[in-house]
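The first chain written gets the first letter, and so on, giving A, B and C; residue counts start at 1 in each chain.
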Amino acid sequence: MTTVLTGDDLAGALTALRARVPLVHSLTNVVSANFLTNVVLAAGASNAHIDNAHEAAGFARIAGGVLVNLGTPDDGTAAAFTLAAEAAHDAGTPWVLDPVGVGGLPWRSALAVDLLKFRPTVVRGNASEIIALAGLGGATRGVDSSDDPAAAVPAAVALLEHATAVSASGPVDHLVGRDPDGAIVGVRIAGGSDLLPRVTSTGCSLGGLVAAYLAVAPTPLVGLAAAHAHVAVASEIAAEKSSGPGSFAVEYLDALSAVDPATLAERARIESVDLVGEGVNR
Amino acid sequence: MTTVLTGDDLAGALTALRARVPLVHSLTNVVSANFLTNVVLAAGASNAHIDNAHEAAGFARIAGGVLVNLGTPDDGTAAAFTLAAEAAHDAGTPWVLDPVGVGGLPWRSALAVDLLKFRPTVVRGNASEIIALAGLGGATRGVDSSDDPAAAVPAAVALLEHATAVSASGPVDHLVGRDPDGAIVGVRIAGGSDLLPRVTSTGCSLGGLVAAYLAVAPTPLVGLAAAHAHVAVASEIAAEKSSGPGSFAVEYLDALSAVDPATLAERARIESVDLVGEGVNR
Amino acid sequence: MTTVLTGDDLAGALTALRARVPLVHSLTNVVSANFLTNVVLAAGASNAHIDNAHEAAGFARIAGGVLVNLGTPDDGTAAAFTLAAEAAHDAGTPWVLDPVGVGGLPWRSALAVDLLKFRPTVVRGNASEIIALAGLGGATRGVDSSDDPAAAVPAAVALLEHATAVSASGPVDHLVGRDPDGAIVGVRIAGGSDLLPRVTSTGCSLGGLVAAYLAVAPTPLVGLAAAHAHVAVASEIAAEKSSGPGSFAVEYLDALSAVDPATLAERARIESVDLVGEGVNR
């Protein structure tokens, strides 16, 4: 089995990100709003948080990529999520659905399922959220992941009915999408740090970074993988310089900024996932 | 007079926190949402911020502890506060009321008084807020404390009509509750740092930490004291390594994570408050 | 041409800020809420974020200065903005309008224009926002500035019909106001750091700092200039100690706190702008 993506693909995406500085339109939760913007800026892109129903659709049409994150929805922002997703779909703006808390919380779970009709370019979540959204069951415990990402691969593949690429984050991230011939393919990305889940919004901000990469990458799977690899490499670098979760968050932003395409290509630990064992592509 | 609580009580609570990783359900203000979550994570627990009326009650029933913080209420979150407090009360989930700004702001003051009917496990505030909530007058100046915590002890005792334990934060924190025989007892916890009030949300995030400890401590007073002592010790350690409020906030998160039960027991400066002079227990 | 403002004017404003610790009432966006409060605290003032319609007017009457920032408005906060601006105007509380995103986003643009009737003491924005608000055209790209602040001077002067002083932020900040004789004058403030726009909310938090300085400065122009110079000097100091945007944000807060009046007077790079070339005061 050949590797679906190479380090050069990731480096090319980062080169494009730095050259084009895509503008992300984020509709994210109040816990992550500041950190997510700093992550997107540190990586080399730009972000505007606009989640009112008056402006969400218009901005989604002109943004480079849109993130809809279900972390702290209310009636007002939920309306904006729908308008932004619909506008992104209609305008061809790539958009990311981050189904935070889906599974354990019925109201937002229904909202997430409803948003699938606008065909997100990417669904990014932790394993339990991906499993829950795919309707395969699973229970979520707040916003923490309680399932192994590898176990979410069948659910991620099932979600390809609605999305172009899907990722389940965890100690080893698992991503699925389609290759240029339309075949379903999977990759796993190792790395990261035990400190990542000790800092809030590292997952949510990855969603913002995915939206940024989707604006510049040749395919959704390349953009999704580049965002995951950028985070994995930067967090490894940051962990070496940190003495706890506070200093890690600071070093992480510095490292997201410092990582260059050559470093990304060299340090990214990406390999293919054999999906035949998952009942795909036989 | 014997000491109501010992360092071993605090160490036991921290050991339980780290072993059980309780899940806090926070309904907190937008200023503190990120920092509070990082504080709770750094200390060793988990947090989910859910403040919409659709989901607040359901989550309060399954969380380990709930925090209702009145810092930036609006009509939507105020409804969620009431639903969460009622559900926590009905389900037996311990919950914390942080009456931010009560006294100087009539709308939220009425809301705080109304929430008392759901019998918060703990009321945690600064001195002026505790005095105001107890109906003893006092005026609040934004979210800063303008009163000495020692002066709030009679008000804190008065609030024991509604809550099981009450704390007034300040240079020396003052806490009141009941001992196993039902007698009202008080403790003061010294330490901390002059830099604590120079960083926003250190008080609000203490409220989140109290909710985490309530989920695992043998009594509300032990949980409340452990949270205060954890903050006092961590902030002392952080202050030694800081050159200003920015670096203090970073070091504080690292220290919250680094403090272990033995350190907490050794460094906590806790002593009993003689409440007889306050007209209690004569 | 004489210098309109001197380093001593700036030092005097900072001395007053530290002595009086003014209380800012901020109605700001969710991205900046935490960082803005930390900036205001680090500089030496105090902040309360109150953006609900029940409390905004009452608090604006008693605060030292008010900030209305249009970054993430919704129907509820927009109502609070109007109430706070009206109350500040009626009570004589100085207030700052930060027209984030105005120009590219029609709904909030109409809101910003409507707020001008309450005569903001200061309008502070980036160049494209100032140009857009002045009705001279210009398009905004999210919350980033795409125009040179020098190009915004005519627009800033035009806004003096509605406000007492106006600033356009950028690599070199440009400020306009009136001297004691009522003549329109301009100053530019150099300094800062390339890392400032790599950290979110540095501009928004400057707006909070302006509100703090307006509470203690002899004239709005002095207060506006002191806030800009404080930020420029602190960010220069921070940049020398930083290795990226994460560490810069930390060092920036430390430096805002460490800068004293003598340092501010010595390091501030302020000079007059010749407005005759702009068609003013001929």
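Rule of thumb we're sticking to: a residue touches a chain if its C-beta (ideal position, glycine included) is under 8 Å from a C-beta of that chain, and two chains touch if they have at least 3 such contacts.
This is a predicted model, so every value here is computed, not measured.
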Interface residue identity across copies chain A, chain C - same or different by half: different
Inter-copy rotation, chain B to chain C, in degrees (Cα atoms; steps of 5): 120
Rounded Å distance, chain A centre to chain C centre (Cα mean): 35
Interface hub residues of chain B, defined as touching at least two other chains: 30, 33-34, 76, 249-250
Complex contacts: residues of chain C adjacent to chain A: 29-35, 71-76, 101, 105-108, 141-144, 197-201, 243-247, 249-250
Chain B residues touching chain A - in the complex, by the definition given at the top: 23, 30, 33-34, 37-38, 41-42, 46-52, 54-55, 58-59, 76-77, 249-255, 257-258
